Amino acid sequence: MTGLDVVFVLVGLLTAAGAVLTVTSKNLVHAALALAVTLAGIAGVFLVLHADFLALVQLVVYVGAVAVLFLFGLMLTRAPIGREALDSQNRGLALAVSGGLFVVLSTLIVLAFGDVRVDAMTGPGIDVIGIAIFAVWVLPFELLSMLLLAALIGAIVLARREDGESGEEAEVTRIEVGDPPINESDGPPAEVAGDGQAELPAGSGGGGQA
Amino acid sequence: MAQTSLPGTGLLKGLAVTVKHLFKRPATLMYPYERNELAPRTRGVIALMDENCTVCMLCARECPDWCIYIDSHKETVPPAKEGGRARTRNVLDRFAIDFSLCMYCGICVEVCPFDALWWSPEFEYSEYTMDALLHEKDKLREWADTVPPPPALDEGAEAPAEVTEAIAKAEKELEAAAQKEADKAAAAEAATTEAKAGGSGPKKADEPKVAAGEIDQETYDALIAEGKSERIARSKAKAAYVKKEKARLKAEADAGGGDAEAAPTPKAADIKVEAGQIDQETYDALIAEGKTERMARAKAKAAWVKKEKARLAAEAESAAGAGAPAGEEAEPPSPTDAAGSDQAPSTDAPAEEPAATRKLGDVHVEGTGEIDQETYDALIAEGKSERIARAKAKAAWVKKAKQAKLDEEGGA
Amino acid sequence: MTVLTSTTALAQAPSILDVGDGVVLPILLKVALVLGLFFVVPLVGGYLEHKVMGRMQNRRGPVEAGPFGSLQLVADGIKFIQKEDIIPRAADKPMFALAPGLALVPALLVFLVIPLGPGVFAVDLELGLFYALAITSISVLGILLGGWASANKFSLIGGLRAGAQLIAYELPLIITAITVAVMAGTLSLVGIVEAQANFTLPGLEGFNLWFVFPQIVGFAIFFVAAMAELSRPPFDMPIGDSELVFGYMTEYTGIKFAMFLLTEYAGMITMSALMVVLFLGGWQILPGVATPGCEGAAGIMSCDPIGIAISVLVTLAKIMGLVFLMVWARVAYPRLREDQLQRISWLVLVPLSLANLAFVTILTVVL
Amino acid sequence: MGLMDQVELPQPVKYVFNWGRKYSLWCFNFGLACCAIEFIAASTSRHDFIRHGVIPFAHGPRQADLLVVSGTLTDKMAPAVKRLYEEMPEPKYVISFGSCANCGGPYWDSYSVTKGVDQIIPVDVYVPGCPPRPEALLDGIIALQHRIQNESLKDRIAGRRQDPITLGADAPLALEEGA
């Protein structure tokens, strides 16, 4: 058992604890924070496997963005984020779904990679990852990005208001600040204070009016 | 913005304005080390000259806040001469102003018929407890020492009535003494040369003012001998002592500044002094006077800065006057130290004086507000009120000026 | 300060978990270096802010605490230690206590990869740039939680504003950083500095350039986005004190408040250091000018101690110059409105940085 | 806090701690009347009390160390002052600025004015004046710093616990306790 194994076990335990806390916590914000811990723990697991790039992506995308968006959504919506008890009353169903998912995933993983030995001391460099994504697997990658784009457009369409209730900015009084375009040989300053007048060059405009 | 400007010029303009200020001299007044020159009648604190108070109670009655507390008792004064009638007079027992309540309206100062209440520009009397803001008679009397002389009249202003009277009187005397003119002129010349010798010599032993401590005692004795009450004599002698002590300290400071060594970069235009040191003499003097440690320290710091500035100014002057010894240039300001207050602009005084002396050919110089210090001190020591002493001292000064003028004409 | 690892070992750049050569002493030195950086440089930055702000407002700034007021922030720190630690009754206590740490620790961790001079850094990661950006994005969790846990409306709104602001400005920041990475061909911060020592524009061979010259737009975007990320004025809507008392920090007192403050100042330093590394040539004195006592292109490779000292000083001077710029902007401009803030990011900075990225990528591929 | 109000610290540590408190007075201005203008004048470039480590306009009471009550305190406003004072973390200091805050000043006989802010919160330094000069505030601040440098935090807190200012039955106000 090397030092890395110890770290792996510790990070794994932390991740698992975070996951358990996520589903058992009665406070929605606590649950979201526990989820962030879980996601960060997964980044730690990647790190132990020397997948630095993946770990950092995990941090940026999941901890930095997804968890924040979760918290954001919780705080902006009327979700019960206080001390109110939180119980979805669907424990049986949830248990069944998650248990089934666990069995399926673990079986898949064992079947696929069960006898592959990964050399833990050398992770793939980013050049390898880059070539893999943009050369070998470029089609699935582009497909995925199309999917994301569709989701993006869909979200915008959903979030858009109808015409009647548009949240356009209210009319604000414009205040012109700066040097008034006064020329001493020209008319009084009141004449050049108007909006249309201000568009003209200072010299000729005032003179024409006078 | 002007309508033709590119987008973003406004942002650059903002940056330009701020960075311009970065290289400007800060407007900050380094308060405990530098002070504002306050007007002589700034509403800082109300001072009491209790010897002027007749317990008429006008101030206490007019006070909108009722923050003046006066207690008194009546004393029977035996008849002044045989066959007279015994009279009663009010004796002030307590005079207190509650500065936590006072609204600084100045009505008490205005209504006082005997000039017992004065405004002093001092404002540094914050306290840790509120009852300490109730200033009793002694404290109020101390503030009276800080009252600066009144501001000079405007150029060409009509002189106050008492001054014109005194001048008329002096002119009569002058005409009467016309035959003794020559003797007096000689005496005056001798006096001025003596004064100049005293000024140029850095040794303090030569100065007649140094013996002030004994004069203080003399004043006291004189007053007692004149039949003044012990209390009045003591307070006046004390005032005289404080005044003289301050004058002496100033003279010493200037003498010390004369032979000082070279300072870094003496710029004549604006002298900046890095503060942080205190003037030990002032500090000791203030502590001895019973001021609090904090106030003494602050004032000593201010005194140090003042001295340092005077010293630098003197050095700059001597540097400008190529070869003139520094000691002569830095004339002691003590002869012009008007009322012995520490607020008097000591650095300006020596610069003004020679200019005024040169202009003496003009007889109409009397409105400038110069006073004859010796006369003034003598009158104060005699127990005259400050106002009268000032007026008479002005008259004396005019007299001397005229003599000097006559001398000059006679010489020519 | 010490020379820690050899700079030429770029090929076998270590992973985050490789703490050193297996010796305890270098690790301790690294810890000391990072902690020293973390506590001293932000204090100097804060002092600079006090003084520059004062002078720009015709004031003097702190004078009494220490020589020329230089210990003002130290006095603040000593005071914060002594202050009472108030936790509101309605607050979520564990979250309330956790939030400042959650904000502070990432700011501390970023200092790990900041190179101050040739060999003067804690670790040189292959993914250093990405690491720095990823770690800074965690800080917002602490701010968001702190705002929520205070059980105060102003705090909550401040936290939400901070969250929205960070998400909005993270995007142009990262895209611009990627642009620089494309130009340099590496994500290692040391590698980026070395790339700038050898960078020339085609047709101008012989003229060494830092990335700020071809990338002046990128630099401007990065600077604005960095100020917004740090909630520095004029982007201080999360703590907009005219509307929100003190935003997410409203209920925080004493040492916890000091931790939030330290996060802000440390962030100012790390962002400035990143800008120095990405655009201003790191520890090089001038483009194409060799540092005395160093070898290699423009004098950034192996150095003797004097060269290292000069390099570190140059880096710190550049950082302080950028801090000065931030303070300058703070004094010059009023606070933006929330909608203006979002508009600037999504309608100006993001399209601009995307166009910049496309432009640079195409040029790099073509040339 | 914590231990610091329980034990008397050794002299050097105490000196350093007092020094820190002395030069870091984040100032919360409770401006109620004309005196507030003089307070603002004291914060401007001419007087600039940041020189003395008084950081002006702390955003809220939680971050403030020094409460400057400047102006006429009315009975209506008194609960707010007391509440904001109580929201400040210990060790906290109060400067009563001007005659009205000291003891009512010109409104000493008014039915609606609290006769001095020290009736509801403990005051450390009283600055006299109506209104006081900005320099007078600086003088008060220097006096306060002098006091802080020489004080014992333990004694201060103990004294605070012994005789807290609570309004008695004869007091003109009926404040909510712990409002």
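Brief remarks follow.
In this document, chain identifiers A, B, C and D correspond to the written order of the chains, with residue numbering beginning at 1 in each.
Rule of thumb we're sticking to: contacts are C-beta pairs under 8 Å (C-beta built on N, C-alpha and C of every residue); 3 or more make two chains touch, one makes a residue touch a chain.
The structure presented is a predicted model; accordingly, all values stated were derived computationally and were not measured.
Interface comparison, B-C versus C-D: the higher count of C-beta contacts falls to C-D.
Using the average of C-alpha coordinates as each chain's centre, B ends up farthest from subunit C.
When every chain is reduced to the mean of its C-alpha atoms, the one closest to the centre of the whole protein set is D.
Here the spacing of subunit B and subunit C, counted between their Cα centres, is 59 Å. Rounded to whole angstrom, the centroid-to-centroid distance between subunit C and subunit D, based on C-alpha atoms, equals 38 Å.
Centre to centre, using the average C-alpha position, subunit A and subunit C are separated by 21 Å.
Taking each chain's centre as the mean of its C-alpha atoms, subunit A lies 46 Å from subunit D.
Shown for subunit D are the residues in touch with two or more other chains, namely 45, 48, 51. In subunit A, no residue touches two or more other chains. Listed for subunit B are residues 26-28, 30, each touching two or more other chains. Note for the complex: subunit A touches subunit C at residues 4, 7, 27, 29-30, 33, 36, 40, 47-48, 50, 52-53, 55-57, 59-60, 63-65, 67-69, 71-72, 75-76, 81, 123, 125-126, 169.
Across the complex, subunit D meets subunit C through its residues 1-2, 4, 16-17, 19-24, 44-45, 48, 50-53, 55, 57, 59-60, 62-63, 65, 87, 89-91, 153. On the subunit C side of its complex with subunit D, the touching residues are 50, 54, 57-65, 69, 71-72, 74-86, 239, 241, 245-246, 249-254, 257. For subunit B in complex with subunit C, the residues that touch the partner chain are 11, 14-15, 17-19, 21-22, 24, 26-28, 30. Partner subunit B is touched in their complex by these residues of subunit C: 52, 54-60, 63, 328-329, 331-333.
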